[in-house]
Amino acid sequence: MNHLEMAAGRSGGATQIPYYQSIGGECALFQHAFEQRLPLLLKGPTGCGKTRFVQHMAARLDRPLYTVACHDDLTAADLTGRFLLRDGETQWVDGPLTRAVREGGICYLDEVVEARKDVTVVLHPLTDDRRLLPLERTGEQLQAPDDFMLVVSYNPGYQHILKALKPSTRQRFVALAFDFPPPEQERDIVARESGLDTPRATALVNLAARLRALKGQDLEEGVSTRLLIYCGSLIQAGVPVLEAARATLVEPLTDDADVQAGLLEALRATFGED
Amino acid sequence: MNHLEMAAGRSGGATQIPYYQSIGGECALFQHAFEQRLPLLLKGPTGCGKTRFVQHMAARLDRPLYTVACHDDLTAADLTGRFLLRDGETQWVDGPLTRAVREGGICYLDEVVEARKDVTVVLHPLTDDRRLLPLERTGEQLQAPDDFMLVVSYNPGYQHILKALKPSTRQRFVALAFDFPPPEQERDIVARESGLDTPRATALVNLAARLRALKGQDLEEGVSTRLLIYCGSLIQAGVPVLEAARATLVEPLTDDADVQAGLLEALRATFGED
Amino acid sequence: MNHLEMAAGRSGGATQIPYYQSIGGECALFQHAFEQRLPLLLKGPTGCGKTRFVQHMAARLDRPLYTVACHDDLTAADLTGRFLLRDGETQWVDGPLTRAVREGGICYLDEVVEARKDVTVVLHPLTDDRRLLPLERTGEQLQAPDDFMLVVSYNPGYQHILKALKPSTRQRFVALAFDFPPPEQERDIVARESGLDTPRATALVNLAARLRALKGQDLEEGVSTRLLIYCGSLIQAGVPVLEAARATLVEPLTDDADVQAGLLEALRATFGED
Amino acid sequence: MNHLEMAAGRSGGATQIPYYQSIGGECALFQHAFEQRLPLLLKGPTGCGKTRFVQHMAARLDRPLYTVACHDDLTAADLTGRFLLRDGETQWVDGPLTRAVREGGICYLDEVVEARKDVTVVLHPLTDDRRLLPLERTGEQLQAPDDFMLVVSYNPGYQHILKALKPSTRQRFVALAFDFPPPEQERDIVARESGLDTPRATALVNLAARLRALKGQDLEEGVSTRLLIYCGSLIQAGVPVLEAARATLVEPLTDDADVQAGLLEALRATFGED
Amino acid sequence: MNHLEMAAGRSGGATQIPYYQSIGGECALFQHAFEQRLPLLLKGPTGCGKTRFVQHMAARLDRPLYTVACHDDLTAADLTGRFLLRDGETQWVDGPLTRAVREGGICYLDEVVEARKDVTVVLHPLTDDRRLLPLERTGEQLQAPDDFMLVVSYNPGYQHILKALKPSTRQRFVALAFDFPPPEQERDIVARESGLDTPRATALVNLAARLRALKGQDLEEGVSTRLLIYCGSLIQAGVPVLEAARATLVEPLTDDADVQAGLLEALRATFGED
Amino acid sequence: MNHLEMAAGRSGGATQIPYYQSIGGECALFQHAFEQRLPLLLKGPTGCGKTRFVQHMAARLDRPLYTVACHDDLTAADLTGRFLLRDGETQWVDGPLTRAVREGGICYLDEVVEARKDVTVVLHPLTDDRRLLPLERTGEQLQAPDDFMLVVSYNPGYQHILKALKPSTRQRFVALAFDFPPPEQERDIVARESGLDTPRATALVNLAARLRALKGQDLEEGVSTRLLIYCGSLIQAGVPVLEAARATLVEPLTDDADVQAGLLEALRATFGED
């Protein structure tokens, strides 16, 4: 059984720490929460850097990171572990949450509202002062060590009623709100990740501001920093600007012909007819 | 197979008893119910101290404590036990309720309304004068010893119709209503648990009163004592007051921008602009 | 594999027969139904003594009693039996209904409307003149002996449409309606079970009449005889009267603040301010 | 593995044939359908004698009878068979339908509309001229012998839309409608089965006519012949007439107090105040 | 493991080919589709001869036929195969679709709209020019041989929205619409299959036309050719004409008393009062 | 365990590359996305050539292709792998996505919106800069090699709300919109694939334009290029033109008699009465 070993989370020196550009006091607050043994909740839109932030902090704190993308069918057993049949008998295999508790690592549950309710409830004894992980099926009750930390995230933009976190869960977390980075920082991130020059990165970020203004009216969600990087990468690779922008900033956002027309107009206003 | 052994529940002398500040006659009533062999139902909001109260009483009565956080997928088998495959044949493994009955301990089902209906029905023969736990799958019928006690809790604040306890279940319990502690007691709890000095703990408790007044209108549930302790811990660790308050008393409570603005105003009114 | 052996059901002499105070002709009718090999349906509210009545009759008739608390997830297999893996092969293990049929005992299905539909249908061939229990999975078809009897119960108070018994099931049973006992009898029961003296038991029964009058308007169901016994036990143990009454006759009945106020007023009118 | 052997179905001589009083040409039609190898559908209310009729015909035709009470959770595998683990490998065990096909018996599916859709579809190749039972899981395809017959029944009274038989299923059966027997015949049946004398049996049948007239207005379904027999048996055993009638002709039919009052009035009009 | 061997599908000479009376060019079109390796969709009402047509063509083309009656619980695994436990390890067993692909036979999915969605999607790679059957669980990807053909059918009469075939599935098939045969042909079929003489077969077919005219108003579906054959068989066996017609042309079509009265009137108009 | 080896995907020289006629810059964009290690989303109607395009590109890039047709019951385990019982113990077997990641191939998920939510979430860590495939059940975390590429497709035409891709998924892909090819290209494709001569292929393509104009009013989706090829193949095989057109361009598109009449009129206008 191989253990989950995130390249980033396990690495040693500072040169290995994944790039993350701090916006405000979020790095300090993460560190305080870690030291106070408090669980952390990250809120923010798609592709704004939450996952990268957690990778960055795990590396800075030199703790292994266990990331779990939550979904409708994720059950408590996927987190805590299950019995498998080996050598003719059932044998317990730890899940990622249990491994993080045993080793003292950071467990990051991405899009936690997507998980089934039994997942959020299994987190309760870990997120009050008991810091316990009861494994009902083995009869164990693990006491989390001081360097264990639980981080969860969700996107408040499309949380619907059936999927909202209950107050009894939310009120167990210190919470941090994320948003897309301010223009200068986003420009630097796009340039750094895609290799695009500064003027064209600036143009992309300006375009993003115009597209994000359409959110709520015509678009379910504004264009993400990630898509700007995709666009920059394709342009840098030689794809014509308008074609790259269409494939990364229009088609991934909507299927509606009218909304597409509006987006294309914004594209042409930015980059010209070619 | 390790047995569940709560550090608190199993511990011996009075020095090990978890801190709990009694509000009214709840400790005496718990003890009477235990002695009369009556099951107990605790009602109250998130984070007001129900779990701590049960830990405290279990230690005082020197009984092991088996805590189960209930959820949508918790079935009777998770409580009573199941057959697992060992050495090529199925072998019965007791669940936490069965263990508490066999040993004479306290079984605490947190948020019992979240459990599936078969869970509440499995409790019925244990909660009338028979005090029996029938294990249909093994054919056993356990008679609970005198020092077994069943305690359940739920939060009446967001009990919805589909999840309400049926009268035929509720009427099997002696019931106790909990609420947040009175200001002086809450101040002492916050100070004791976070290490904050009394004046700042008092300010936090006053702020809590203001925020709790918004419940029902703008907030699904008022701020819990637990979050006040989180806030105190971060302030004590050096996080700026407003930043700590935002991360513990605003972001965990709501995603609504307007409601957040109202909460932030209350914060600034309490702590000033910095 | 231990067989279910109810202390009461298996016991020999009359001194062991559980206390039950007959109201009308229900004991005679039960005996006639038993002798005519007819199945019996008991209807009545929570905590009025249906279960005790069945225990009493099983002891009088000297038949073992198999009680099953029905619920949403109870399947036919939980009643009839299932294959378990033993020594590397599947082995059949009888359920409680099958055991009652094989031995000639009384099988009592409490809250039968809660069970899944396959449960009620598995009862059909047992409840007409064939008196057969087909075990589809083993290929057996058991002929019930003359001293087998099936008893089911439900609470008509909160039977909703989805959960009603179909006419094709109901019309297979002789049926008996239960209600709370008349005041003098209830007083004797409360006094006997709680140890309370007669005047205070009388006061509790009078109070119960007042509280039951609120049923349908403010309360889903009236206070049960069982809760009166709980109240008497706590008072007898030294709990102040109003505190005992609040914990047993108010909090278990409702979470509604207004309804609670009305109930408390009735309490104070009965017991004075202290 | 014991085979299903219905006492009635397997029995030899005519003296063993279960009592059934023919109303019209139903016995002849059953026999023709059997000889023409056509499947048969019986329609009719609860407790009017459909099951007894099938038992009677199976005995007359000297074929084994396999009766299956259908329900929501009955799957095709319950009828056709399944693999069980024996001696360390999976072994196929025939279900009742497969046994009837292999041996040439009568398979009777009671309340067929209750079964899941896969059950009705598995019947399709058996109910056209192919008369095949494909066992997908073993890869067999059984050809039904000439003395195999499929009989199904349902109660048109409470067939709702979700549970109706599809035309593509119904149109595969020869169909017969049943109703309660005419008064003289019902009187003879009640007298014969309960031991009651003719005048009192006549009174019961007259009462039944009055109660059945309430169907649709106040009662979901009229009182069945079976309940009349129950009533007669209790009266014959010494239960007072009104008490017996209440327990068999009122309580099993309704929980509604007003409707009960109407039924009791009809009872008193028939039997006097007793 | 026995292979599915349809008597018809496997048989050799022309004398063994099941009787089918061609209406138009359907036999030629089937043959062209087979030769062009195109999948075929048959549409038409209950009991009009779709299954017989496929049996006939399979025999003419001398290909084995694998028929699967689809239903709500039919999954892709029922078609493609599954792992079973044999001799202590899991062993793959082909389903009927996989067998047809391996051997080059005709796989006929009757009432394909009833199957679960995963079934229709598993057909996609088989129904474009790739003609592939990917077996995800074994890792195989089977290339269908030239003499494999897929035929599916459904009844457009009661296809409802949730069960309609998606365009992306429908557009993968050559499609043929079926209806009841023209009067002369239907007369011949009824006479041949039931043994009835021509005048009476003609009368039945004329009656069918009158009954089919009621479809949509009072009847969900018109009377099928199959039911006419049933009726003829019973008459031929000596059942009185009106009784036979009632059991085959009225009761199987409706439970509604008014509609039954209308159908009976049409019967009497055809056959007289008998 | 056989590996999935697509004939096309594995083949070597250019002569083996499946025919695909490029419309615009789609081949270049696919290649850029592959080189930049960006995942690709294809949008477009049924049968317009998306699958062929992916086969073509996989062959050009000389990468193995793993195609998965998504459906309601497709779970993450079907993509990533599962434990199977072999030689008395559970053994891990890679799914197609895991194989593509290990070998560096192209994994193509057709109709990705049909898959269950856990499938789309399992794609998340593969579709950001981490390019990781976490296998929770084995504890492995695979780093995708540079020559791994993920391609997904869906048909925006009948994406309904419950099945739409979430923005957090969509915004992880570079996206390309497909449509039916322009008339000259479609004519060449039809002629090439069916063997039909150019004039008749032209007539079919003109007819298609007329039929596609009905989309949205009367037809859920326009006729696909694939159906035009089917029609051409049947005509080429000797089926009369109108009969071939009816079986390929009318019956597969609709069951509605009125719409069929309109389509047939368009057919006759194109091909004359014969």
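Lettered A, B, C, D, E and F in written order, each chain numbered from 1.
The criterion applied here is as follows: a contact is a pair of C-beta atoms (placed from the backbone, for glycine too) under 8 Å apart; a residue touches a chain by one contact, two chains touch by 3 or more.
In this text the structure is predicted, and so the values were computed from the model without any measurement.
Trainee: What chains do chain D and chain F have as common neighbours?
Mentor: In this structure, the chains that contact chain F and also chain D are E.
Trainee: Between 0 and 180 degrees and rounded to the nearest 5, what angle rotates chain B's CA atoms onto those of chain C?
Mentor: An angle of 60 degrees brings one copy onto the other.
Trainee: Most remote chain relative to chain F, going by C-alpha centroids?
Mentor: So the farthest one, by centre of C-alpha atoms, is C.
Trainee: Chain D and chain C are one sequence twice: same or different residues at the contact, by the over-half rule?
Mentor: different
Trainee: Report the inter-centroid distance (CA atoms only) between chain B and chain F in whole Å.
Mentor: 53
Trainee: With chain centres defined as C-alpha means, what is the inter-centre distance between chain E and chain F in Å?
Mentor: Distance between chain centres: 30 Å.
Trainee: Could you put a whole-Å number on the gap between the CA centroids of chain C and chain F?
Mentor: Once rounded, the distance between the two centres reads 61 Å.
Trainee: Among the residues of chain D, which ones contact at least 2 other chains?
Mentor: 85, 88
Trainee: Give every residue of chain B touching chain A within the complex, in rising order.
Mentor: For this pair, the touching residues of chain B are 1-7, 46-47, 51, 67-74, 78, 84-88, 93, 95-96, 110-111, 114, 155, 157-158, 193, 220-221, 223-224, 226-227, 230, 233-234, 237-240, 243, 247-248, 251-253, 255.
Trainee: Give the list of chain A residues in touch with chain B in this complex.
Mentor: So the residues of chain A in touch with chain B come to 25, 28-29, 32-33, 35-36, 38, 41, 43, 75-76, 83, 85, 88-90, 116-118, 120-122, 124-125, 128-130, 134, 136-141, 143, 156, 159, 166-168, 170-177.
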